[in-house]
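Here come two complexes built around subunit A, the first alongside subunit B, the second alongside subunit C.
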Partner chain A sequence: MNHRLFVSGHLVAALLMMGLVGATPVRAQSPDSSPANAYTPPRTPDGQPDLQGFWTNSTYTPLERPDGVTTEFYTPEGVAETEARAGAREAEQTVPGTIPDVHYDFTQFGLDRSQTTMARSLRTSLIVDPPDGRMPAMTEEGRRRVARREEEARLRGGRWDSAENNQLDDRCLIMRTAGPPMLNTSYNSNYQIVQAPGYVMILVEMIHDVRIIPLDGRPRPNPRVRKWMGTSRGRWEADTLVVETSGFNGKNPFNGSSENMSVIERFTRIDDDTILYNFTIDDESTWTQPWSAGLSMKKIQGPIFEHACHEGNYSMYNTLVGARLEEQLAAEEAAKQEPN
Partner chain B sequence: MGIRPRKWTSLAIIITASLLLSVSSESGQAPAYRAPRTADGRPDLNGIWQAINTANWDIEPHAAGPSLVRELGAIVAMPAGLGVVEGGEIPYRPEARAKRDDNRRNRLELDPEIKCYLPGVPRSTYMPFPFQIIQTPEFVMMIHEYAGAARTIYMENHTEAPAPSWMGWSNGHWEGETLVVDSTGFNDRSWFDRSGNFHSDALQVTERFTPRSADTLNYEVTIEDPDVFTRPWIMSMPLYRRVEPNAEILEFRCVEFVEDLMYGHLRRQPDQ
Partner chain C sequence: MKLFVTIASAGLLLVAVSASAHHSFSAEFDIDKPLTLEGTLTQWEMINPHSWFHIDVTNPDGEVVPWMIEGGSPNQLIRMGVTQNTIPVGTLIVIEGYHARDGTNTAVGRNFTLPDGTRLFLSGSAPQ
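Moving on to the complex of A and B:
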């Protein structure tokens, strides 16, 4: 993975060129602050601030501040180093020279983040509140729920015992980061925003998930109509799109959340190529206080292609077949060992 | 004055007649309805729409039939339908008709809908689920409740399909009151209905969405696929606006409903 060093050198240069050399401009661009510049976004024909286009929220910045990091921001050199390390981890997640290395080398096809447009930041965590960059303490109820879910998963058996025992994204049901809140995946963290009168639509590339956000202040459906992605209602506050979502079905918990979680997202376009995306999580049955995080969405060229995940999920079938075959071979082996 | 009153009258008749002629030749029906306009002056197709027919069961005319699953009795028995195919019968090549019949016999195993696969086009439009049109000058999005299928119709910057896909690659343009969508780049895995009617990856679909009243659209589809059919053929049906004030696209995330069907036989059996 020698080219990783080559990339890291370019990262430093790129960050320097981006002007990420001092605290002031960085703070002005940091997700938690109000846009400091006087940028006025273009308007759609019906007068909405125009967020339309193709965007990515790909980033190496972790949700929570890593252990041992105590500052809110890295230096430009520091962030280049952490990005290079993270990129190297993505490139080296398989053993070089093996079949998995051929199939899952993320540096192939530009899948790894360092080769795509990234929402770069000097922040050491996406979480801005609490100020320590970590999720707040869990409530007793939240801890019990997490433990109960782990116990239920344990009782269901091993991951390869059945399709249902796999992760939601391996089952092509939903990405765990599809949101809201919308967080990056390891690749294809791409979105298309289209606005018609009364609606904002966000197409998520992964598993072709779509969010349709009405802006007309309509009431929420009966709470029995719960959804994987909840029900979203949006409004404009000046040039910021504010989206409130609740009514989750709880089957895709966000870091241990309950189905009672509500999410407030704020989308603010601060220049032609950047949307600031902040969100606040409120789930008093899970966390002792609401918490907030943010990242940027950077403009990409598009288009977004069809991600027919379930239709092409050969790995699910093949893996289950392989697991059953291994069990069969093990049983045959055990039978041979038994004295006649 | 060079023109006398009698000539005015005949001129008016000629103008009226030619207007009527041009209207009927453009839309195939009269009188034409003029839809409300978007900001850029196009017919406004925004809204939530749904077909009300039995085309998803069988696009050809058909009598009612029993459910394929005995235990479900009348619940998913097939309702009768007059059909949506112009002329009633799809012009299959002989070998393709045999494959359709084979598909039909084995539809419990073969219909992609049973596995919650993306519906393809035009089946997505007449699945028994609503879809929402989100229309801008650059894109017309069609967001389907069934399986969360999404179509992006490029109104500008028309390009070729980069690779085959379930929902195809769609370029659109306006012809007067009509949104015309040309789609290619399909794979050969989607069907037209639950009765085994199918296509190859040479499929070309031309759809025409024409407002016919405030709450209805005419939907006309031309199917071309020389590998499967002897000539192009046409389906047509109305689409209806979901007029409930609280209408919205809900989730039909059906993968979890089919996992046991698709992978249940590969489940680990309890140790003996």
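Moving on to the complex of A and C:
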């Protein structure tokens, strides 16, 4: 195991023992409440702590601490205020004729987070380490890589020049709910966990990605084998599922990461309705230190519904056709302006 | 049933969302072509990443014109009990939205209502 990750993983565990409140539902935050110690999760028939079921990691807590916020936790009143503000942003009445108005109404489709089960937290950021709640500084190599990717994108042309120039989520290839690390997106941040002897399977609703995590300690594949979601290996540490993932293909960088990124995730069921999900990221070629974050996964009612994104993605066609038409109109306009 | 293609009145209470979304709507639809359509639902494609509502709109001259209207991901609607049976084919709906840039009978539906002004889905409650 990478030494930096090993140290950081223990640091996170300590931080979470001290600050469990941060990733725990508000209602479970009374001073005498210690769900991580008091709760013993049920067992699967083969004896694993049972994480099975349907879960969401929907939350309004941002990954990084917002500008101007200097405390690690909000007061209950403060977090209610920020959630109300965030909810209002999702449901805001926009000005007709403005870009944000060209959209369907999230609230009609139940896509605003306030209409779904949501993990509530007093934390001002998902990131718990570094303590300032922000991602650590990028290395020089990381900054160069980000600049190089931007230049490569520029050389490929505009976003609407071709299907390949669209973002990965526009193309229905992968979304950030898949991870790892698994982070919420604005809607459908739902998961199903199924356990079998020797395996944990996580079905991600968005794009219906599947993570199959073996627990038998099998060796990793040849390092040349690279995948969108990396290769994961899991093990149990007491009642916590620990999953280590590396072998990313680098095509879906996480906040500027390289293909060398390693992720350690920890899943701990702390009550019937909650899994504490913490992760530590290490990528020496991108960040000056490992960094860690945590959030809760809350139980939801199943089933997971198929998100067959590509087959219904009429938007891709409409967008590209619209862009070609705009170009044609612009060319015709330019031709009119030219002197005869 | 009538077809209205109007510049949306600034006095109307228009509800829409600027939340992050799957793709750029302004690249697909024309901000300068707001419209209001009233028509009969003929098909509801509950598909991801975006649902599509097919409606027949009758022009003032009596011609029936099919339109396709983009809406949100259906997963959460299904989760809340809204199905194709809840809004049956034949329902008369009014849609405010924006016309597609390519000029076809395609639009994004910013606001879906029944003719009496009721919002189309029961889930349409803004957070308190």
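A few notes on this one:
By our rule, the second predicted complex is superposed on the first by the 290 of 340 C-alpha atoms of A that agree within 3 Å, B and C clash if a C-alpha of one lies under 4 Å from a C-alpha of the other, contacts with A are read in each partner's own complex, and residues count from 1 in each chain.
FYI, contacts are C-beta pairs under 8 Å (C-beta built on N, C-alpha and C of every residue); 3 or more make two chains touch, one makes a residue touch a chain.
Just so it is clear, the structure is predicted and the values come from calculations on it, not from any experiment.
Of the two partner chains, subunit C is the only one that A:Ser186 touches; subunit B does not reach it. With both structures placed on the common chain, the touch criterion links A:Pro45 to subunit B but leaves subunit C unconnected. Legend: residue contacts after superposition of the two complexes on their common chain; A:Cys172 is shown touching both subunit B and subunit C.
By the touch criterion defined above, A:Trp160 reaches both subunit B and subunit C. Using the contact criterion defined above for the overlaid structures, shared-chain residue A:Ala308 touches subunit B and also reaches subunit C.
Look at A:Pro339: by the touch rule set out above, it reaches neither subunit B nor subunit C. By the document's definition of touching, of the two partners only subunit B reaches A:Glu327; subunit C does not. Looking at the shared chain after the overlay, A:Pro131 reaches neither subunit B nor subunit C.
Shared interface residues of subunit A, touching subunit B in one complex and subunit C in the other, are 160, 172, 305-306, 308, 311, 316, 321, 323. On subunit A, the positions that touch subunit C within their shared complex are 84, 87-94, 96-112, 114-116, 159-160, 166-167, 169-170, 172, 186-188, 190, 205, 301, 305-309, 311-316, 318-319, 321-323, 325-326.
The residues of subunit A lying in touch with subunit B in their complex are 44-46, 52, 157-158, 160-164, 171-174, 192, 194-199, 201, 203, 207-210, 212, 214, 218-219, 221, 225, 227-229, 303-306, 308, 310-311, 316-317, 320-321, 323-324, 327. The part of subunit C that touches subunit A in the complex is made up of residues 8, 10, 12-32, 34, 45, 47-52, 68, 70-80, 82, 97-98, 100-103, 106, 108-112, 119-121, 123-128.
Remark: subunit B residues 38-40, 46, 116-118, 132, 134-139, 141, 143, 148-150, 152, 154, 162-163, 165-167, 189, 245-246, 248-251, 253, 255-256, 259-260, 262-264, 266-268 touch subunit A in the complex.
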